[in-house]
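Consider the two complexes below, in which subunit A is the common component and subunit B and subunit C are the respective partners.
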Partner chain A sequence: MNEFVEAPAAPKETTRQEESLKHRLIGTSVPRTEDERLLRGDGRFTDDVQFAHQLEMAVGRCPFPHARILSIDVSRALELEGVKHVLTGEQVREQSAPLTVLRPVPGAPQLPYYALAQDKATYEGQPVVSVVAVSRALAEDAIELIEIEYEPLPHVSDAIAALEEGAPLLHPQSLASNLLASNGDRAGEPEARIEAADVVLRSRMRIGRVTPLPMETRGVVAVWRPGARELSIHTSTQVPHLVRKQLAESLRIGEECIRVSASDVGGGFGMKLGVYPEDVLASLHAMALRRPVKWIEDRMEHFRASTHGRESIHDYCLAADAEGRFVAMTNTYTTDIGGWNSPFGSSQLSSVIFTGPYRVADAAVERRVAMTNKTPVGAYRGYGQPEVNFALEVLVDRLARKLGKDPLALRELNMLRPEDLPWTVPSGAVYDSGDYLRTLRMAAEAVDYAAHRASPRVPRPDGRILGIGLSSFVERTGYASARFLANRGSKFGAHESVTLRANRSGTIDLYTGVSSIGQSSETAFAQICAEVLGVDFDAVRVHSGDTASSPLNTGAFASRTLIAAAGALREAALPFRDKTLRLGAWALGIAPEEAVIEGYEVRHRDDADKRVPLSDVFSRAILGQGIPHDETPGLETTAHFEPPSAAFSFGTAAAVVAVDPETGEFSVERFVMVHDCGVAVNPMIVEGQVRGALVQGLGAALGEELRYDAVTGQLLSGSMLDYAVPRAADVPPIELLHTEVPSPVTTFGVRGVGEVGTIPPGAAIANALCDALADYGVEFSALPITPESVWRALQAARESTQGAAA
Partner chain B sequence: MTLNENEITLTLNGESVRAWAPSRMHAADFLRQRLGRTGTHVGCEQGVCGMCTVMVDGQAVKSCLMLAAQLDGAEVRTVESLAEENGDLNALQQAFKRHHGLQCGFCTPGFLMLATSLAARGEPMSREQIRDEISGVLCRCTGYEGIVRAVEEYLQLQQNEGQVVEVEA
Partner chain C sequence: MKAADFLYHRAGSVAEAVTLLDEYAGEARLLAGGQSLMPMLNMRLWRLGALIDVNQVPGLDGIEAEGEGDLEETRIGALTRYVSLERSEVVASRLPLLAEMVRHIGDRQVRNRGTLGGSLVQGDPTAEMPLGCLVLGARVRVESGRGSREIAMGEFYDGSYAAALEFDEMVTEIRFPRHPSHFAFSELTRRHGDFCVLSVAVTGECDSDGCWHDLRIGLGGVSDMPVPAEAASARLSGTRLTDDDIREAAALTVEDIDPPSDMRATAEYRTHLVPVHVRRALQQLRARASATELLTRTRENR
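For the complex of A and B:
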């Protein structure tokens, strides 16, 4: 029997406080269950899945940023022994529908993004042909034998240039320009306030294009059993249930025919959110051949075929009165979405938190989504939030310098106080609760900010000057609600779900559609479930990421899993617990109120001799024998839970840099992060998430960049050798401090934690460099910041000083 | 079909193994596809990311940069060999678990094999040296802190055990 539990209203404050007093597992650094298999080499990543008679797929990709496909001749490839099947754009058009979008930009048309290019390709790396053969190597040989005649077309690789009159058009049949769509939010009268303000700062800030770069590339294994009408898909994804939906749409078959499973996923970071062309291609090949087809993305493909992140240009305006009080803020930002709209499109979140942790009632934001001849951009950890944090926090320091104020004091003056919350921002989102100022003061204290400010900026014996930079942030974690998402046209919900099922061994099977991507959800889910049930942590076995066994859910992204799943776990566990107690009490001949669950037993509250093992209680339920007459057999509960609102994490980072004013060389000597993610279910995992994301943020701030050649439009940093991802020796000393303000809008008071580290590094480092080089008057308006960009900033400052003197 | 396949004999995790591999197959694919040891992962196939790190004749090597044929006559150790005979995690694996040295776990076998080869050197190492030494394997999840702590603890443990043995001798 299934006991479907309706999602309840937000739990009452008193309930949560009562629960937090007696937490046994929540708040404990339980070692991870995932580790046992991963440490032994027993993980099951997509390429570890192997079927008898399996074939392999390789994909031929357009080598030009923009090209018309004049002809394709596959005859020589088909003659190669061992080649089984070839697909071209024409067949794909007959056999499938274009890829759908999960998070469309409001007002954007659906573009005809087929799994293989039709008459033309709009980015280097877009799939043009695919081949299946007995081995990957042979399939690649066959790709070499396919003759494709291209007519290179004029291309555009800069988002601003793409929107100018006369730019080469990417999709003239769907769009009259390269503007995919634009939309905005506003509150108050920012323009009038700016007009009347004492100080107005405007700046264009550029955020570089980066790649999420999980260590496991994408991959898919497709198995089709025609008689059963069953397409079984193993894939490396953060969202199995959404892949199922999108595959059904593209393959034009019912969802009931598709099973998607993701066992171990070697990192995602937002990049593995939805269907890619190769998922459709592997499925089409498998359906044509009736044999299992595997495709594993190689790293060279990954740099071109998996979605990129971040690239955007922010035109910010910050207006203040003479004291430095912010009176208005606007941001018109252009995101570069590349050659096609990816499943998760461009960053809406830049619109939600563009006012940061500050009290600004009059503010407006506008998003413009530009198409360029580059790989599509999709979600990447933080997804719009590191971008606006860099722009705004750099501008705050610039305002402080202009007004002769201390950057810390300026932030203190403008920061929202606990009593100001809940605070509604122009997008309609509501900051729930928090003590932002406390994190700012803690960060300043940790780096001895006051003493540093009081001392002059003179070089140390090694010639380097020390600087300190701050960056404060508010981060949206999770989604407000399905209604909020519906307003933005999203094709997914805001809820999570779990199923708990008793088994005869006396343990509990927990089924979730959340795949295991390194976020440690298996451990955290078991902690919460065991906490509510009263059983041992080891008594809960989590089964992740299989659409055939898990209830329909949303997925692992947007720091949202635990925000929603904590509620689902609690709502599924409570009726499960109650029935276990009723059946256990019946077996013991006592009243349910006298029974408790402990370890692997139900026992009398006060009489330790009256006890029955869970294996006995669960067996009774499963058999329907030895249970009260008014009870139904079975012990299984499912709950779906949607949090009533998003929970906003917050904090402040402080960077200490030492910079050589002659060469621009610099190093980050300390990085302090003060962070609040509400109640930490597992502090060890929280620390791991924050550190890991910080290093990604530091990488993007200090060197990672996907550069395209301005003339040829080719990707220049498209391999592991050319793309500078941080190594162990590159990581500066990081110190973490936490505060813990429980969120009033989530179960157990949790806030999201997976992405936060990516947000503050860029601005904190830029501000620290400006502080160190205060006497030189440098400014930074772009990420990444390298010794070269510091040197250029120094040259620019010198030239402008000399210009002023002359 | 066979495309210039070579016969390769090697010792894998203490066991003598004989198998065939195409001339152009690299050692990582050979271990995974022909010998079924999928604990060794493939991340870039150009010797940068280190996911495929295994031990060949006592040295940590990136097996994507070796041909399968080069393993003929070699002694190879992969992650599958690390756990104790009774099934327990060995001291290095336990240290990784204790210090949260892994998240998605894809890079973990590479780090474990690299750390095993570092311990075999029997030299003490500072944190900075460890950071330098492990820079040939990339991790995108952890920020490396847990990995460095785990390797440091394991190397110290090995050092201490080594000293005890010396005293006894």
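For the complex of A and C:
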């Protein structure tokens, strides 16, 4: 089920609506350009790139959560035939600089994160040695022959425990405690309002650690041509230009010597945002050997070597008056960043949207970034927003129960109305526009909320009880501006860029640094470009992800690509179109104002006989022949565009669950998602993005969990056998509904859509379970929620009622 | 995740395979479907001198029905793939419990390759086939250079992942006696086709007067091997499987288990679930039997 609902009529939107009616391609479900090559097996992922004389790299990793490295003996590995080169921490320190962080936590010191551990390792899986050999199997044999003497050190794997007095310190040289940094935002007088409130709810909410788990693991092929001084890197990344910058910093060579390309990327989800130790290692080996070196992360490595996501603990306080009007909100949260700062740093979005879609003027948030002996946590689809949504939306339902109110009515009472927007939240971010309430009502209607609410919670014939849970959200998509980012210490900008270049076949080459990570940017970019130019969709060919051919950009993350790129595409396409019209008109002997571009030709607006093919017009431009004297040869435009502000997507999800109160087993029988991403450039892509992210959100809500042993500090679920990622058969039925309120701050009114689905599932399911088990009085304060956690919640509820009865 | 070097042999006969096993004196393993063996080699959890591929050995993958009535016996070759069990009419009619259980294993790819013999020897305590074979009273035929022997499923394991085989022995065939008249199966998994949190298989006979006997209750995933719940079975013998009988019998099952705590569930939760799932499986057994009886009576009346 998929339904696009018209936006409510508001004066400034009418013109937008009218404009979108004129669109030929924007708003249509053009089939994805990427599909043909992917479905035919013609994709080019990192492991598909092969070079003559290529060698393979394997990495030896610390098996302990925290250990001093006493000695490393590589002699037996070097004796093995076929082994070409071995690197240890000492060589890495001589030959490279520590990895840099793209998004440092403000106020945090720079930690010396070298590609190989120096005197000690601070997480299980941290690279300690690397070997290059004629085959991967042989390189792995060599790793087994390297003798490393470790002295295991006391470790800490819980973020709260890590901040306590006396916890083992991870980086005593740089930090006096395990608190990497803390920072906060506030507005109004939340403490005073809490003091005076009628009801105050406080709760600690835990969000589990998960892994983004792209189908293509990380990988890199490094080729060094010393004579050319060219290091060519093929890698699976979302940000080729940023990897180039970071590699230049770590390898201490100029960016001009490095070319980074990513063709097909089998999923990124935020995890492939920047340089990793193995990228530096493969480069160092390739430079030492002057032979191509490939490293493909295997799935077992992936669980330990690629950044994890989410883990955080939120201490929330929600205060309301007797009617349920929210009067203040505070959230002090601890994010677990693991053993080192990841290339993309710790999530900040929890601080931006912690007040959700609600009208609360008095609010404060504080983020603490804690270091623990676990794999670093990096960006992951949603990046702080699913976490805070779970905490807040579960509390909203808890407040409703406490006040004896309907959770839907409580949300209605507190939700920001269209006329309240733009609305500034404590972090200074501005919700741009939207009709939040409408999505709430649509979700409720879709699941027949009112009828359910009126009926008792009795078991069905199969013994299961039905429950419905809601979760409303606002999602920040894109970045406010480079100025905003600068204040937060970011080492990247907020813009996107494209180059359009005419070719002699009469088609247009579009170059972008955005790599193709499954987000369908090739299709969407071509749609917008063809729309503005007036040419056929097929006349635009997108070339992505190669730093040698694309203009400098930011990259594919933060639901920001299209928000910024839509503007760049328009800005590049307009002068391109105008010059095409001038040259075409000249060829036809008509005035440029009389000329139009259509399909593959320029023709007279009213006289179909006066036409010239684009191949002719473009050839004239390229040759500089047959063009007006005052025109320069060439037809190529580049534009960089920074949106004036971030756009905020929004929506509401409703989950219908059926739970067995005897065992805690439950199933999600329906999941309705009402969502607004502004103007949908391609509704089919939007639907795919929302569904894909929902599956990841449902996975994290229902079973995905990276658990570390409390005693040994070892990862317990580091394989596909133990990590319960949902597969197609495990995904509950999803129903999508959309509204379409154009954003006033972006070109064409788009809002980001790549991450949103990860946000609401956890809270919607928790709330549905609480509703189903209302007669038992269960509460949930942690994700994931498994049948066992439902059973435990039931036990706890029984014990507390028994306790109360006694 | 690339296996270390090993030698590869392709055996042409059972005799050749067991001779090679003997020569490698414990350093070699048979390769059947490879669905457990290959991951272990690739993850370097195991380093072997040699693999002896038995996929080309003729005659190891048949399903044969023999005898009638009480003498009925079904023989399944060790190399028979899960997919063949799924599609076999013989298995559907003569071993319906096995036919139902096999569909819970892994995914299509795994069932296309994995074999009955491989699953039994692998001995995963949560696996479906060892539990099904236990409840159905199967016997495992084993060959070596020293001759052949048969091991009852109840004695096939020394512990988890530990089949009671000598290093030079190979499983060639699994023999099933006549299938009980009634059966039911229930399992809890985290995901479709995942290894189970726990599983319960029950079978039994019901007299025309409604009294039950020969009940067998098997439990998977709650000990280091599939276990029979003997006290519970005994409690039910001669009863009519009333709700009270079932509840009391189900409560006895916790005596037979020693559940692990792992990523899938804690021991505490498994301990809570076992009697519930046993109770529900027995209720299903009873319901199925009365449905069959009703069907027979309707036919007779016609």
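One rule holds for everything that comes next: the second predicted complex is superposed on the first by the 786 of 806 C-alpha atoms of A that agree within 3 Å, B and C clash if a C-alpha of one lies under 4 Å from a C-alpha of the other, contacts with A are read in each partner's own complex, and residues count from 1 in each chain.
Operating definition for what follows: contacts are C-beta pairs under 8 Å (C-beta built on N, C-alpha and C of every residue); 3 or more make two chains touch, one makes a residue touch a chain.
What you are looking at is a predicted structure, and each value in this text was computed from that prediction instead of being measured.
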- In the overlay, answer first, second, both or neither for which of subunit B and subunit C A:L716 touches. second
- subunit B versus subunit C as contact partner of A:P172, first or second or both or neither: neither
- Look at A:P154 in the shared chain and tell me whether it touches subunit B only, subunit C only, both, or neither; answer first, second, both or neither. neither
- Message: Quick one: is A:R299 in contact with subunit B, with subunit C, with both, or with neither? Answer first, second, both or neither.
- Response: both
- Message: Going by the contact rule set out at the top, does A:P633 touch subunit B (first), subunit C (second), both, or neither?
- Response: neither
- Task: May I ask you to decide whether A:A729 touches subunit B, subunit C, both, or neither, giving the answer as first, second, both or neither?
- Result: both
- Item | subunit B versus subunit C as contact partner of A:P106, first or second or both or neither | neither
- Query: On subunit A, which partner touches more residues: subunit B or subunit C?
  - Reply: B
- Message: For A:T786 in the superposed arrangement: first (subunit B), second (subunit C), both or neither?
- Response: second
- Query: Should A:A137 be classified as contacting the first partner (subunit B), the second (subunit C), both, or neither?
  - Reply: both
- Task: Share the list of subunit A residues that count as touching for subunit B in one structure and for subunit C in the other.
- Result: 137, 298-299, 719, 721, 727, 729-730
- Task: Spell out the part of subunit A that touches subunit B in their complex, as residue ranges.
- Result: 31-32, 34-43, 45, 47-48, 81-82, 134, 137-138, 212-217, 264-267, 269, 296, 298-299, 517-520, 684-685, 687-689, 691-696, 719-721, 725, 727-731, 734, 757
- Would you pull the subunit A residues touching subunit C in the complex into a rising list? 135-137, 140-141, 144, 298-301, 662-663, 665, 703, 705, 707, 716-717, 719, 721-724, 726-727, 729-730, 786-788, 791-792
- Contacts from subunit C onto subunit A in the complex sit at residues 1-5, 43-44, 107, 188, 190-195, 262-263, 265-266, 269, 272-273, 276
- Complex contacts: residues of subunit B adjacent to subunit A: 1, 3, 22, 24-25, 32, 37-46, 48-49, 51, 78-80, 82-83, 89, 93, 96-98, 100, 102-109, 112, 128, 130-132, 134-136, 138-148
